[in-house]
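When the chains are written out, they are named A, B and C in that same order, and each has its own residue count from 1.
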């Protein structure tokens, strides 16, 4: 921790001022979403009144969102898809990162390069062939289609992030375990990986976020409303022709992100604190 | 690092009669490859094959829903003669450069600020992540409205105070449109930078700072000689992620401007998408998408050097 | 031992392939019977009852009559082409889809020839409007059954036009410019999309070009003809029109922007489909009362033009049962079935069957009549050149739109036309 010195003056310059400015920048669009989602249409389109205030709040957009669309189904789908594809990606990520970060073997540079290159492959180039694979597997309009394809986006990330953390872990504990006769697999599972929880949490958060955000594959593979995820469902069914259902879209944005933020707030604690928690250091 | 088998004390007993197979799997390189093969096969199937297919597409004149004919590098030559393509290249570089620099500086600043003790720290940290969590397409729709001069708060105040009417056109003016995109990108990307760098900061042992302070280092010195070097690996990896992300960005432009006004905000991904999907020229679209690889490959070279084991 | 295992496994493989062959036969046999369900993909309509009507009323009626369930999947209009592309490329997905603009041409080989039912439907419906064939007849074959034209017309505020003394919507572009100058002074500028949307930009810029006598490519579909005095005059007009009646933001607009601006009472006139009036009447009755629609003005050639934006229904070659799909489309387009669907969309989809020329749907909202009247002067982007891939590329690259937009952004007429000509020559160069 940085050494705390000085009174409230110093503190306000060093902490509250920059933090406040940043929070305004960060949260303003959310305030906007909230305001938009609560405004009746007549007020929404009224550019003469102050745009940041709701004069006649209404929950109509929320009610419409929840009753007229499959929003809750989409939310569940998103959660399911993001969780499973994150899990797959973490497992594969560990399988790549552990050897790459901790071992010496012929071809490691090639693999590292290949994994990194994977992420560079532009999505717009991949989706036609991927759609081919998905349809030949008969997976169109199933959540499996995206559960299977999202890891292609997530694995390289997970692998890189994990590699970073894995490398920061000192070798002594592993060496001791090896000397004690543990196999490599045992060492990895029982000694090494438990030290890397923060790495998993950060890679997991990242992967989960990417997964629940993904748009292109979900758009292509999921046509039926009951298998859609939130981004695609909202865009497909709340953007109608050249008419946007602004209120409902913004309600969807808020309902889709705030619960996740709350869940994250628990993990974030681990994510940061975990890194400083004894084991990793010395 | 050879397995000098001492009697097992703490861990699962090792069978004394370690078989040949067992000894084989315990070899560093064998173990590594056994671990690596499953994910690599997975990636080869779902990335390698589509990529090869994509590369093949880029060498074909391949109208949608029709058989293609091999044309060699003709698509790339067509790109080289396409003024929009070069504008796209320029746009992508400008967009990536400014967005990344702003995120890096802002993220570092944010992490340093957050690395102090204060009340509500956890709440702030959770709130901070919001832009990163909210589905991009939806948050971009909110920005669409925030950047509309008829409703934008900035314009509203300018009008209210009778300074300008309607005020700046955030998405209509070519330069402002690019700037607006960069701002939205930064808004979305900063939390990831901030949180990750913060995590990195917290791994730095306070003793190092204390030692530096005792040696008479100023705050700035401590930042430059202690914080930055130790943070370098984290900064590096976050920056790479961000560069890749920003370079290949799609959703933001797709929702906000579709590349307008007059191509001022078209990026590789959106232009490739328009060509492949809009015009039904899969080959041409693939060539534009592929053209984004060489510049990114340079970055990757830098990265793989960094990622070589034994270098942290 | 190893040999035995190998032999056994080979036998298994044989058994499996034999089984699958039988399965294949069974599958083939099954094709004879009518499928249980078929899927029709559609744009997500801004008129919710319209989607609901086919999903429930029509689909139920059809299921009752034939036992075939109709799934109706909606996709937002901006994402629809991606979905159609994927379906056509992979040969999976919906059996039928609605298709737009030049798609029957783009997806030609993956769409079933529906000439037989087109004739049947045409006969029943009093004959097809001729110009729709521009969009759906590819190499002499009908590739889709035209459903309705989503016309792009002038949407304007009658009260504000009245205020500046313009009682009738101007008949010429020059007249409109004059009105616009007055309206902008009165604080009610015009707002026409000049950005990269999917329709509202082409919707007025191609007609503008045509009514000045300009064209992208000659009727031979090869010779680039954009560099002409006519184009230059159209560009000059557009720049003046933009500078004197609009504001900078229109350069970055997408299709949603003008709807928002009109309903926010920011603009007094734009070019859009019927969605503005529909939403205004529903959510903003005060605006709805003073909104009207008119055909595009005439240019110096004395002619007026409109964009042909036909939605049609096509059957993919991968449909499980093409015959059943055709039967469904015949049923769907039967005047007594489809009339209800048209009605509920309040003439948003202007039918291409002459039988509906004087249908009650037009009297329900007389302000929509220009959509019917504009059909005869409507053409696809790129007209008078025939529909082609190159044309599609030009649209996807926004060549014409950006030519006008750059001029409005301050570049010289000569420069923007030269840019467009160079781009078009690249696109239309002989392969």
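As a convention for this text, a contact is a pair of C-beta atoms (placed from the backbone, for glycine too) under 8 Å apart; a residue touches a chain by one contact, two chains touch by 3 or more.
This is a predicted model, so every value here is computed, not measured.
**Student:** If each step moves to a chain the current one touches, what is the fewest number of steps from subunit A to subunit C?
**Tutor:** 1
**Student:** Per the definition at the top, count C-beta pairs in contact and tell me whether B-C or A-B has more.
**Tutor:** If we tally the C-beta pairs in contact for B-C and A-B, the bigger total goes to A-B.
**Student:** Counting in whole Å, what is the centre-to-centre distance of subunit B and subunit C, each centre being its mean C-alpha position?
**Tutor:** 36
**Student:** Counting in whole Å, what is the centre-to-centre distance of subunit A and subunit B, each centre being its mean C-alpha position?
**Tutor:** 13
**Student:** Pull out every residue in subunit B that's touching 2 or more other chains.
**Tutor:** Only 150-151, 276, 282 qualify.
**Student:** So which stretches of subunit A touch two or more other chains?
**Tutor:** As it turns out, subunit A has residues touching two or more other chains at 47, 127-128, 132, 235, 244.
**Student:** Note the residues in subunit C that touch 2 or more other chains, in rising order.
**Tutor:** Each of 82, 85, 89, 197, 256, 260, 264, 266 in subunit C touches at least two other chains.
**Student:** Where on subunit A is subunit B touching in the complex?
**Tutor:** My answer: residues 1-4, 14-15, 18-19, 22-23, 25-30, 32-33, 36, 47, 50-52, 92-93, 95-96, 98-109, 111-130, 132-133, 148-149, 151-152, 155, 157, 159-161, 163-164, 167-168, 177-186, 190, 198, 202, 206, 209, 212-213, 215-216, 230-231, 234-235, 244, 246, 249-250, 252-254, 256-258, 260-262, 264-265, 268-269, 271-272, 275-276, 280-281.
**Student:** Can you check the complex and tell me which residues of subunit C touch subunit A?
**Tutor:** 39, 41, 43-48, 71, 73-79, 82-83, 85-86, 89-94, 197, 199-200, 255-256, 258-260, 263-266, 272-273, 275, 279, 283-284
**Student:** For subunit C, which residues are in contact with subunit B within the complex?
**Tutor:** Spelled out, the residues of subunit C in touch with subunit B are 81-82, 85, 88-89, 106-110, 194-198, 247-254, 256-257, 260-261, 264, 266, 389, 392-393, 395-398, 402, 405-406, 409, 419, 422-423, 426, 431.
**Student:** Sort out for me which residues of subunit A touch subunit C in the complex.
**Tutor:** Residues in contact with subunit C: 41-42, 45-47, 68, 127-128, 131-132, 134-136, 140, 219-220, 223-225, 235-237, 239-244.
**Student:** For subunit B, which residues count as touching subunit C in their complex?
**Tutor:** Answer in residue numbers: 61, 63-66, 78, 81-84, 144, 148-151, 166, 169-174, 177, 257-263, 274-282, 284.
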